[in-house]
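First the structure, in the form of C-alpha cells, and then the observations on it.
For clarity, chains are labelled A, B, C, D, E and F in written order, and residue numbers in each chain start from 1.
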Amino acid sequence: MDHWIVAPVVLPAFLAPLIVLWMRFDLRSQRVFSVAGMTALVALAIALAVSASTNGPEVYRLGNWEAPFGIVLVLDRLSALMLLLTSVLGLAVVLYSIGSGWDKRGWHFHSLMQFQMMGINGAFLTGDAFNLFVFFEVLLIASYGLMIHSGGEARLKAGVQYVVYNLAGSTLFLFALGTIYSVTGTLNMADLAQKVAVMPASETGLLRVGAGLLMLVFAVKAALVPFQFWLPATYTNAPGPVAALFAIMTKVGVYAIVRIYTLVFPAGGTIGWLAQEVLLPAAAISLIIGMIGVLGARDMGRTVAYSVIGSVGTMMLAFAQFTEGATGAGLYYMVHSTLAAAALFLIVDLVRERRGAAGLAITPVPPIRNAGLIAGMFFAGAIAMAGMPPLSGFIGKLMILDATRGQWWLWGVVLVTSLIAIVGFGRAGSTVFWKAHAAAGDQPEPTKDASSPGLAFTATGGLIAGLVALTVFAGPTTAWLNATAQQLYTPSAYIDAVMVGAYERAWAATSGHEDSHADEPAESHAPAEDHGTDAPAEPASGY
Amino acid sequence: MEALVASAVGIMTAAGIYLILRLRTFPVVLGMAMLSYAVNIFLFATGRLAVNLPPILGHAGAETAGYTDPIPQALVLTAIVISFGMTAVVVMLSLGAFIEAGDDRIDLGPEEKK
Amino acid sequence: MITYALYFSIGCFALALLFNLYRVVRAPGVTDRVLALDTMAVDAIALLVLFGIWEGTAIFFEASILYAMTGFVATVAYGKFLLRGDIIE
Amino acid sequence: MLKRFLPHPHLTLLLTVVWLLLANAYTINSLVFGLLMGLVIPWITAPYWPDRPVIRNFPGIVEYIAIVMWDIIKSNIAVAKIVLFVPNDKLRPAWVTVPLDLHEPEAITVLAGTITMTPGTLTAELSADGHSLLVHCLHAPDPDGVRDEIKERYERRLKEIFE
Amino acid sequence: MSPALIAALPFLGALLPGILIRTGRSNTAFAAGLTSGLALLGLLLHLPAVMRGEVVQARFEWLPAIGLNANFMIDGLGMLFATLILGIGILIIIYARFYLTKADPAGQFYTYLLLFQGAMVGIVLSDNILLLLVFWELTSLSSFLLIGFWKHLPEGRQGARMALTVTGLGGLSMIAGMLILGNIAGSYDISVILTQKAAIQASPLYLPALILILGGAFTKSAQFPFHFWLPHAMAAPTPVSAYLHSATMVKAGLFLMARLWPVLSGTPEWFYIVATTGLITMLIGAKIALFKDDLKALLAFSTVSHLGLITFLLGLGTKTAAVAAVFHIINHATFKAALFMSAGIVDHETHTRDLKRLGGLRHLMPVTATIATIAALSMAGIPLFNGFLSKELMLEEAAHTVWAGAAWLVPLVAVIAALFSAAYSFRFIVHGFFGPVRDDYPHKPHDPNFGMWLSPAFLVVLVVLIGLMPMTFAGPVVQMAADAVVGGGLHMHPIKHWHGLTPALVMSMIATAGGIVLLLSFAPLKRMWEAAPRPEAKAIFDWIVARCACVASWITSGLHNGSMARYLMMFTLASIAVGVWAWSGGTQGPATREMLPITPVALVGWVMLITATGCVVAFHHNRFLALVLISIVGLIVSICFIYLSAPDLALTQISVEIVTAVLMLLALNFLPKTTKIESSRLKQGFDAVLSIAGGLGIGALIYALMVRDFAFETMSNYHLANSYKLGGGDNVVNVILVDFRGYDTYGEVTVLGIAALVIFALTEALLNGTASKKLIAWRPDMLRGGDKHPLMLLVATRVLLPIALLVGVFIFLRGHNLPGGGFIAGLVVAIALVMQYMASGFAWTQARQKVYYHVLIACGVLAAGITGAGAWFNGMPFLTSDFGYFKLPGLEKFELATAAGFDLGVFLGVVGSVLLALGGLSRLARRAAVLDEERGAHIVAEKPEAREVAAVSSVAYPEGTPLPRRWLKARGEEQ
Amino acid sequence: MDLFWEILISALLVIGGFFGLVGSFGLVKLPDPMTRLHAPTKAATLGVGAVLIASMIYFAAFRDSLTLHELMITLFIFLTAPISAHFLAKANLLRNVDRTTLTRPEGEGDWAVFTPLSDTSAEELEEAAEAERDEAR
C-alpha cells in the first residue's frame, strides 16, 4: 500500500507539534521548517496528482481496517487537485507572512498554519463522512486561531462572529450525519453510495432531510447565500495572508458538495434532483449578492471578500448542473478563483500595510510606497476576478457559459454580474491607486515589521504568475480537469476501489484471527463469538 | 421513552436557537452549549435507544440481548471533545472582544461602522 | 423485598431531585441554587448506585466517583466565584 | 535509606489500598502496580503538598472515626427531626465562635469538616488570623454548650493525633 | 512573418519600455516604434499574397475543449486594419515622444500603448471569435489605463471608468452573442462561421445573437445611445485620443460589423438596427460637435458622427455601401488622426484647447494651420480631399435608401448630418486658425519642432494624395478590404470625382453651403443651444452609476449589517425550510420498532431536563444563574447517557461539563453579570416562533428516526463482533475510538491541542496589546469577599490530588475494557490540577508545574502520531494497532496494546490543553487583579522565566492564605 | 442467611431513601439560606452512604462479587461535602448575612471573608455591593 497518501495529513501533523515543542521561542527555525514543510507538501501534492492521473482512485485503509468499519482515505483526481491547490496556496501564504512580518505579530502562527494544512488536506482526502466532520473541525479551529492572529478589537469581534457562525454550521453537520447514519447504518462515503442507490422508497424522506441539511453545511463553508454572512467581516478583518489562505476554505465546502453529490447522492438517483434544486438558485443569488457587494463595498478588503462570494456563486452555477462538462468548467473556475482571491487578499494586505491609519477605506490617500507595482498587481488580480480577458477568469466564465448553454437567465446573471464587478473593481482601484495622486498630505507611514518586502511581493507575484500559467496552459489544464469531472461522474471506480471485497476481507480477518488468539480466555466473551459467527451471513447489503 | 428523548432534544434545540439569536456573546455561548447537548443526544439516539446494554463485551445485563450501537457513542464522544475545544475558544474569544471593545455585543454594526 | 425497598429508595431520590429542582427554579438568592445543584449531584450518585443494584451491574461506579468529584469541583468553583469573582487567582 | 524511597509511608499505603479498591482485583499484579503508584504519585505530588503533617497517634484516628460516624448517624436523625417536625418559627439558629487550640492546617480542616458533618452544626468561616472557627447551628437553644462539646469531643482528640 | 507573431510583437514590445526607460525617453520611443515597425514590415510582406486574394493563416491550439484557439488569419480586411493600426501607431509613437513632458511617466505610456496596439492587431487578425473576444476586452482594459494615464486628473479617472463600463458592458454582451453565434455555426473560427450564412440567418437565435454582438460593436464604436463615453475619453493625452479614439479602437466595432457582414447582414433586422443607429449617431454626433468649444471635444463628437456614417453604410447591406464604408474608414483614419494631432499641437503650444480663446493661429503657426486646414476640409467633404470622395459615396447610398417606406427620410437626415459636419469643420478652421492674432493666449504659440508635426503632415499628404488620385493610392486597398468584407467576388466600381450631377452631388453642395450659413449664424445658434435644455449624457451616466453604487451599497451593508442575530436567523430559517422541503419530497415508512417503556425515573429526569432548559431561557439574563442551570442540564444529560447504556459518554460529558463551567466562570469574572433585555417584544416573539419551529423539526426528525430500524445492517455489528478479537478490548466504544476509528480521535485530540494554542496566542495578544491597559484599568464589578485561598479547600485539594491522580491512572488503564480511557483520564487529572489552581492560586501552582503545557500538548499530538506511524515499520497503514499478552516473572499475564500509546497521546493532549486554556484565562485575571503595572510584569507565561518564578515561590502556602502569624512564627523558630 | 441480608439491604435502602428525601425536603422547607445549608449536606450524605453500603452488601451477598468501590465513593463524599458547605456558607456570609449579628473573633483580625485584601479597596467593595443591591431591585 502506498503510504504517501496519508503524508499530506501526517507531515503537517508532525511538523506542527514539533514547532510548538522545539521552536516556540525561535522564529527563525519556525520559518525555516514552515517553508520546508510547505515545499514538501507541494512536492507531495504534485507526486500524488501524477499518481492520481495515471491510476484510478487509490484507497488507504487507516489502521488496516476495511471500509466501512474503519476510515479510509481515497486519492483520486479531485482530491489530488485540491491538495495541490492547497499546498501551493499554503506556500505562497507562508512566504508572504514571513516577508511581511505578519508571522511575528503573535504566537503560534506557523504551527497553526501547519495544523490548518493538516485539516484541509485531511478533509480533501477522507472517504468517510464523519471523518470529514472531524477534519472540518481541525481546519476550522486552526482557522479561528489564524483569523484572530495578533488580536485587536475589530478582528476579535469579527472573530467571534466567525466562530459562532461556524459552530452553528458544525451543529448542523452533526444533525445531518446523524440522520444519514440512522437511515443507512454506515458512514463510509463509498458504502453510503452503494446503499443510497438501493435505498427502499420508505426511507427516502428522512434520507433526503439528511442530504439536504448536509448540503447546507457545505453551503456554510462555501459561503453560499443565505449562509454567506460570515464571510465579509471575517475575510476583511483577518490578517492579509490568512485571508489569502481562506480562499481555499470556501473551496472546502465546494469540494464537499461536489464530492458528496456526485458520489453519495448523485443527481437523479434516490433523492432526485434535491441538490440541484437547492444549489442552483443559491448559487445564482450568491453571484448576484457577491458582485453587488463588490460594487457596494466601502473598503477594499470587502470588495475582494464579496468577490469571493460571487466567485463561489459562479462556480456553483456550473457544479449545480451536475453534468460532466459543467463540472470541468467549474473546476477550472475554482482553481482560478482560489488563486485570484488569494492574490487579491495579499495585494490588499500590501496596501493596508502601507496605508497606515487610512486602512482599506476606498478613499484617496497620498500614494503609498511601491504604488505602481501594487496597482499593477491589483489590476491583474481584479481583471482575473472580474472575468475580463486575458486572464483565467475570462476563460473560466467562457467555459461555464459554454456549458450552461440554453439557460439564458443564467447567462444573464453571469454577464450582468461581471459588469457590476468590473465597475466595482474599477471604482475601488482608481480611487485607491489613481485618486491617490490627487490627495493632499504626506505619504503614509508603512508598518515597520516587514522584514523582507521582496519576499512578500514574490509570493503575491507568484500567485499572479499562477493565474497567467493557468491561462496559457488552459488547454492541458482543462483536459486534465475534464478527465477529473469524468472520473466524478463515473463513481463506480471510486466505489469499487473502496468496497469491492471489503466486507468479505473484513469478516475473513475475523475468522482468521480466532486461531491466533485461541489461547485467550474466550469463554468470557461468548456474546462476541456469537456475533462473529452469524454476522458474515449478510455482509454485502449494498451490493 | 423515545418520545421523551425526542421531545427533550427538540426543546433543547429550541432553547439553543432562541439563545443564539440574542444580542450578547454570553447568551449566544449558552445557546451553543444547549445546542451541543441537543445534537449530542440526537446523534446518540440515531443508534436507537437501549437500557442497560452498554457496548462493553461480557457486561451486558442479559447476554443474549446484545449491545446497544457503539458507533454513535464513539461519534458523540468525538463531538463532545471537539465542541469542548470550540467552546473554550469561543469563550476566550468573546472575552477578548469584550476586553478590547468594552462591551459584549455580538453585532458588528453596519460594515463595522465604517 | 429488596425490589420494594429499591422502588421506595428510587422514588425518594427521584422526589428529592424534584425538590432540588424547585429550589433551583425558585430561590431568593444564588447560593441556594448552587446548593441545590450540589445536592442534585449527590442524589444523582445515589440514583446511579440504585440503578446499578436494579440492573445488577457494577459498571456505573466509576461514573459515581466522577460525579462525586465533579459535583464537588463545580460547587467549589461556583462558590469561589460568588466569593471572589476570580476563581483562579 | 528507607526514608528516601518511602518518604510518605502513610500516603503510599493509602494509595495502594485505594488502588486495590479501585481495581477491585486483589491479585499480585494489582498489588505491585498499586505499590508502584503509591511510590510514584507521592513523589510527583510532593511540591503540591509541602509540610505533610506527621501523624502522632495512629490508633487515635480509628477512635476518632468511630466517634464521628456515630455522631453523623445521630446528627442525621436530629436534623431529620428538625426538618420534618420543627416549624420554621420555632427554629433557633445561632452563630457560635469556637476559639482554636489547634495549629496544623490539616487538623483545623478535619475539625471544621467534622463539625459540618455532625448534628445541626456547620463550619461557616475561619477567622483571618486562624484563631477561631465560626460555626452555624441549625437549632441551638444553648450555643455555649455546642462550643464546649466541639472543643471537648473533637478538638482535643485531633490535637492528640496531629500535635 | 506568422500572423501570430505579428500580433504578439507589440505585446513583447510592451516589455521593453519598462527595461529601457532608464536609458531615456528617446530610446524607449525608438524601441516601441521599432517593434511596431517590425510588425508592420512582417505584415506588409504578406501584402502581395493578400492582394491576390489569399488568406494567410496560423493556428495554435489553446483551449480546444471549448473551441477557443489561437487561430490567426490575414485577409484583406485584416490587412487594411492591421496596416492602419501599426502605421498610425508608429506615427503616434513619434508624435508622443515630443508631446509628453519630462514629468510624464513615458515608460508606462509606451507599455500601455503597445499593449493596446497588440490587442488591436489581435482583434483584426483573429480567426476565432473567442480569441477576438479576448483581444477585444484587452483593448478596453488598455484604453482604461491610457485614458486614466494622468492619474491626478479627475476627468481622466472618470473618463476611464466610463469607457471601461460602457465598453465592458458591450464586451459582455458580445461574449453571449459570440457564444451563440459559434454554436449556431458549429465553430468559433471566423473562417468557418463566414461559410454558414444560411444556417445563421435561419436560426431562431439569429436575432438575439445579432443584438448581443451589435451591443459590443455599438458600445465600442460609440454608437447612439452609447456615444457619450467617447468625448470623456478625451481626458487622455492627445496621442491616445488620436490613436484610440479616432483611428483605431473605436473602429473595432466597425471592424466587427464588417468582419461578420457576410453572415449577419442582408436581413431586415440588420438593416433596421444597424443603419438606423448609424444614421442617428451621424446626425447627433455632428450636431453636438458644432457647439463644442473644446477642440478635442469637437473632434470627438465629430468622430462619433463619422463612426455613425460608416455604421450606416455597413447597415445598408449592399456591396457598394460596403465599399464606401471601407473607403471612409481609411479616409477618416487619415484626416481625423491628423486633426487630433494638430489639436494636440495647439494645446501643447497655447496651453488651451478652447476655441473661444483661440484664433489667428495661422500667422503664428503656419505649418500646423496648413495641416489642420487640409484635414478639416477633408472632414467637411470639400472636393480634392479624400473625405469628399467617401462622403459622396455615402450620400449616393443614402439617396437610394428607403426606410420603412419613406424614401425622403434617410436622404434628409444624411444631408442635415453632412451639413453639420461641414459647419463644425469650418468652425474648427475659422475659429481656430483664422481671424486676427490675439494677445491673450495662455501661452505664446509657435510651430513645434519637426518631430511633432511630422506625423500629421504625413497623414495630410495621404489625405491629399488619396483625394487627388483615389484609385491609385487607395483603390487596390479598398478593393482588397471590401472584397473581404463582402465575402469575395467583389467587382468594385472605380472611385471617381465626377459622376455627373447626381443626387449625391446636390446633397453635398447643399451641405457645404448650409455649413457655411450655419457658421455665419453661429453666435445666435450657440446662444439658443446653450439656452435649450438637453440631456447631459455624462450626468445621466454618472447618476445611474452613482445610483447603482448607492443601491449596491445599501443592499450590501443592509444585508450584511453585522447583526449576528439576523445571520443566525437566516441560517435557522433556511435549515428549517430545506429540511421540511427535502422531507416532503420523499416518502416516510411506518414505525417498525417497539418503543421502550417510560419509567417514572426517566420521567423525573425528563421533567428536570425540560424545567432546567426552560429556566435557562427564562433566566438567561442572570448569567451566573444560567450557568448553574446549564450545569443541571449537563448533569441530567450525562445521567441520561448512563441510563441509555452509554457509560463512556456519561463520564466524558460530566467531566467536560465541569471544565466548561470553570472556563465560563473565569470568563464571567470579567463579563457583565447580567444580560440586558435589548430585543423588542416583537423580535423575542419571532425568535420564539423560529426556535419552536426548529425544535419541532429536530424533535420530529429524531423521533422519526428512532421509530424505524436501520434500512441496512449497521456497520457496528462488525465492531461488536471484532472489538475483542481484532482490537483486543472489551469496551467497544473505546476500541472504536482508539483503533477502528482512531483517525477520528487523532483529529479530535489535534483539535483540542489547537484550541489551547489558539487560546494561549490570544492571551498573549491581549496581554501585550492594547487590551493590556484596559485589563489593568479593569475593576471588579461584583461583591468580593476577603478570602483568597480558603484554608479548608487548600488542605482538601492537597489530600485529594494524589487520589485523583490515582483515579486518573485507573480510568486510563481500564478504558480499553471498561468505561474510561485517555480522554476521561486526562480530564480527571486536569480537574485535579484545576482544583489546585482554584485553591492555591495560579502563581503558586504554576510554580510547581514541572512540565510546560505546551510540551504536554505537543507530546500528546506527537505520541498519538508516532504510535500511528509506528505501524509503517511493520509495513502496515498508519494507525494499525497491535496487541499482545505478556508475562513477567512473579506476575500474572497482562495485556499490552499499541492503542494504549495512542490513548496516552490523547491523555497528554487533554491535560495540556485544558490547563493551558484555563491558565490563559486566569493570566488575564491576574493582569487585571494587580493595581500597578509593575506587578503585572510578573505574570507567568509558558516561558523560561517561569522557572525563575518557581525558584522564588517555594513557600508552603500561597500569599493570602488565612494562616495565623503566630503559627508561622512558631514554625520559623522550629526550623 | 439470605433473608438477613435481604432485610439488611432493604433497611439500608429505605434509610438511604428517607434521608435523601429529607435532605432535599429541608432545602425546600427551611426558612433562610444558612439553615437550608444544613439539611442537604448532612441528610444527603447519610442517604447516599446508606445506599452505597446497601449496594456493597448486595453485590457481595447476591452477586458474589465483593466490590469496595462504594467505600471510595463514600470516602470521597465525606471528604468533600464539608468543603462545599463551607464555601456556600462563606458566600452566604458575604451576601445574605447581616454582619452585625456576628460576633467578631478574638484577636486582631475579622472573619476571613470580611477581611479586605490588597487587591480591592474598601470603597470598591462598597460600590460593588451598592451596584449589586441596585441590580437586585
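In the analysis below, contacts are C-beta pairs under 8 Å (C-beta built on N, C-alpha and C of every residue); 3 or more make two chains touch, one makes a residue touch a chain.
None of these values were measured; they are calculated from a predicted model.
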Starting at chain D, what is the smallest number of hops through touching chains needed to reach chain E?
1
Pick the chain whose C-alpha centre of mass, unweighted, sits closest to the average of all protein C-alpha coordinates shown.
A
Euclidean distance of C-alpha centroids - chain A vs chain B, Å:
26
How big is the gap, in whole Å, between where the Cα atoms of chain A centre and where those of chain E centre?
18
With chain centres defined as C-alpha means, what is the inter-centre distance between chain B and chain F in Å?
30
Chain F touches at least 2 other chains through residues 18, 23, 25, 37, 41, 45, 67, 69, 72, 76, 79-83, 86-87, 90-95, 109-110, 112-115
Chain C touches at least 2 other chains through residues 10-11, 15, 17, 30, 34, 56, 58-59, 65, 69, 76, 80, 82-83
Spell out, as numbers or ranges, the residues of chain E touching 2 or more other chains.
556-557, 560, 562, 564, 568, 627, 643, 647, 668, 698, 701-702, 705-706, 714-716, 719-720, 723-724, 730, 741, 744, 748, 751, 754-755, 758, 762, 765-766, 770-771, 780, 782, 784-788, 790, 792-793, 796, 799, 803, 807, 818-819, 921, 929, 960, 962
Give every touching pair of chains, nothing left out.
A-B, A-E, B-C, B-E, C-E, C-F, D-E, D-F, E-F
Which residues of chain F touch chain D in their complex?
18-19, 22-23, 25-26, 29-32, 34-35, 37-39, 41-43, 45-46, 67-69, 71-72, 78-79, 81-83, 85-86, 89-90, 92-93, 101-103, 105-115
Contacts from chain E onto chain C in the complex sit at residues 600-601, 604, 607-608, 611-612, 615, 622, 624-625, 627-629, 631-632, 635, 639, 642-643, 647, 650-651, 654-655, 657-658, 661-662, 665-666, 668-669, 780, 782, 784-785, 787-789, 793, 804, 807, 811, 814, 818-820, 824, 828, 831, 834-835, 837-838, 841-842, 918, 921-922, 925-926, 929, 960
Residues on chain E engaged by chain F in the complex (per definition of touch)
673-674, 779-788, 790, 792-793, 796, 799-800, 803, 929-931, 960, 962
Note: in the complex, chain B contacts chain C through residues 52, 54, 56, 59, 61
Complex interface listing, chain F residues touching chain E:
76, 79-80, 82-83, 86-87, 90-91, 93-95, 109-110, 112-120, 124-125, 128-129, 131-132, 135
